[in-house]
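Consider the two complexes below, in which chain A is the common component and chain B and chain C are the respective partners.
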Partner chain A sequence: MARSHKAPFWFLFAAGGTVVAFVLPVMVLVTGIAPTLGLFTEALSYDAMSAFVGNWIVKIILFGILTLALWHAAHRLRVVAHDFGIRADAPVAGTVYGLAALGTVLTAIALLSV
Partner chain B sequence: MSRKPYQRELPKTTWFLRHARYKKYMLHEISAIAVAVYLLILIVGLFRLAQGPDAWAGWLAFVTSPLGLVIHLIVFGLSLVHTTAWFKAVPQAMRIQRGEQFVPGPTIVGAHYVVWAAVSVFVLILAGVA
Partner chain C sequence: MTERKIELEVLRYRPEQDAEPWFQTYTVPCPEEWVVLDALNYVKDEIDRTLSYRWSCHMFVCGSCGMVIDGEPKLACKAFLRDYGDKIRVEPLANFPIERDLVIVMDDFMEKLESVKPYLIPKEEKSLDEGSYLQTPAQLKAYKQYSMCINCMLCYSACPQYGLAPEFIGPAALALAHRYNMDSRDVGRKAREDTVASHEGIWECSFVGACSEVCPKSVDPAGAIQQVKFSSAIDYFTSWLPGGGSR
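Coming up: the complex of A and B.
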């Protein structure tokens, strides 16, 4: 039987989709909407955020959440491209997975530099 | 292959507007665009945090700007679409057997909603909700 090279990408998609489903809404609420409402100003202050992201366990958890979400979005965008009539799957796959890989590296650099 | 496969004529970019079910499908598929935009904003935020208090304040100023708010409201809405659609599909993707019987779908979905609520409350407490 022919082996599919899609399996690892599908695993990342499924794992990422689960992570996104559980944590993204509340994360968007805290980092994206609460600042405008004037909520969590203390937690979102420079000192508190530096200390929070400076923690190694937080770094590892954030790396896991962000990179799985990246690979989830990348795989789904590949399907979206197909849904909008773009049939050149190989370049599309190369682009979206390439961006996810770049995002993974940038996430690691950002987390390590905080 | 010499055979020419039959391909149904479909409008390439608007086919999903024909049916409510297709529209729902497309809505949760394009949630990936919202996720990607949000991740980009967050990763930039981490870099700004690393650069110091002024850079971080600049990032917060973007988040609280009208454009930042609109982007985050759209992302929030689509993230809820993703979560509900994802949980709805879980029983099809995951069959859990207990003894002779399979755990019924609604039980699995319900458990996901309970965990979702717990995770959300935990993050809110972490952020400082008393």
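Coming up: the complex of A and C.
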């Protein structure tokens, strides 16, 4: 039997799952919910945030969080399609991984332009 | 001794006379401490000799009496009547063809089990005079849990992936491959990887985890498969390096 090429995608999926589980809820809380409650308004102001994201270490960390979340979601969607009985794995994988790759490039562009 | 009248709805299928499976209801007087297997044995002995099912040890060791009881894969010898209502539905294991009544055709499982080489492949054969292979408690602990599998196939009945993709090697066989890979006396991991790390192997698993929930011996096949995924993924990357494993 031929060895599968799922391994690298599974690695991204596993890493993304860990990151998403630990970091994403905190990011949603800090950047999404807290401002509506009037918290961290100073720290989340445009000037403060653009200076923060301007730091190279922050860029690298954000790149990791955002893109791993995308690859995690892509692999999860591929598996969900499989679970729903869609056996056309190659086009499904191509589409979801393509979107994740596109998102990865866009994330890099966005971060580099700050 | 308290006794209860249980209505046992048993799936019947006798290929020479039944066009399709149907349910037959037997009313069985059951002492409270009985298990479903006792009730089936009562039916066989006292009510209907034509009922077919597999069983042997009656003590969760042989793995013969796996069946779907009230919708869940169980060993009939481990399904205590006190945990069920007065009406219990008994069906053969899901995802397998029915041979007769509660007896399934297990050929597919046997083939898959063989395909992962579930036996020790030592570095060099020792003669009896050279004594036994010694192991530390830590080396034993590394695989002991996975060696508890009794091949009862409950995990195949519970696994939605096996139901969707019959070519999937499946939980028990993959967990057994892991059991031998983790054994300090074994060097057969490479020989197993062609099957285990294939698309039909670990990568077909989407970590639903139902196998581990129904396992009567707490083997945790889902956990084993995740560990194999990790080590196979490492293999995948190192195989591109000079001196890495061949793919």
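The rule is short, and it goes like this: the second predicted complex is superposed on the first by the 113 of 114 C-alpha atoms of A that agree within 3 Å, B and C clash if a C-alpha of one lies under 4 Å from a C-alpha of the other, contacts with A are read in each partner's own complex, and residues count from 1 in each chain.
Throughout what follows, contacts are C-beta pairs under 8 Å (C-beta built on N, C-alpha and C of every residue); 3 or more make two chains touch, one makes a residue touch a chain.
Owing to the predicted nature of the structure, the values given are computational and were not obtained by experimental measurement.
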Touching partner for A:M27 - first (chain B), second (chain C), both, neither: first
Which of chain B and chain C A:P8 touches, first, second, both or neither: second
Touched partner set for A:L70, first chain B, second chain C, both or neither: first
First (chain B), second (chain C), both or neither touched by A:V19: neither
Partner chain(s) touched by A:A101 [first = chain B, second = chain C, both, neither]: neither
Partner contacting more residues of chain A (chain B vs chain C): B
Chain B versus chain C as contact partner of A:M49, first or second or both or neither: first
First, second, both or neither for A:G85, with chain B first and chain C second: both
Set of chain A residues, in rising order, touched by both chain B and chain C: 14, 79, 83, 85
Residue ranges of chain A touching chain B (in the complex, touch as defined): 14, 17-18, 20-36, 40, 42-44, 46, 49-50, 53, 66, 69-70, 72-74, 76-77, 79-80, 83-85, 103, 106-107, 110-111, 113-114
Sites on chain A touched by chain C in the complex: 1-8, 10-11, 14, 79, 82-83, 85, 87
For the chain B and chain A complex, residues of the former touching the latter: 12-13, 16, 26, 29-33, 35-36, 38-43, 45-47, 49-50, 52-53, 56-57, 60, 63-64, 68-69, 71-73, 75-76, 79-80, 82-83, 86-87, 93, 112, 115-116, 119-120, 123-124, 126-129
Residue ranges of chain C in contact with chain A within the complex: 160, 164-165, 193-195, 197-201, 203, 206, 229-230, 232-233, 235-237, 247
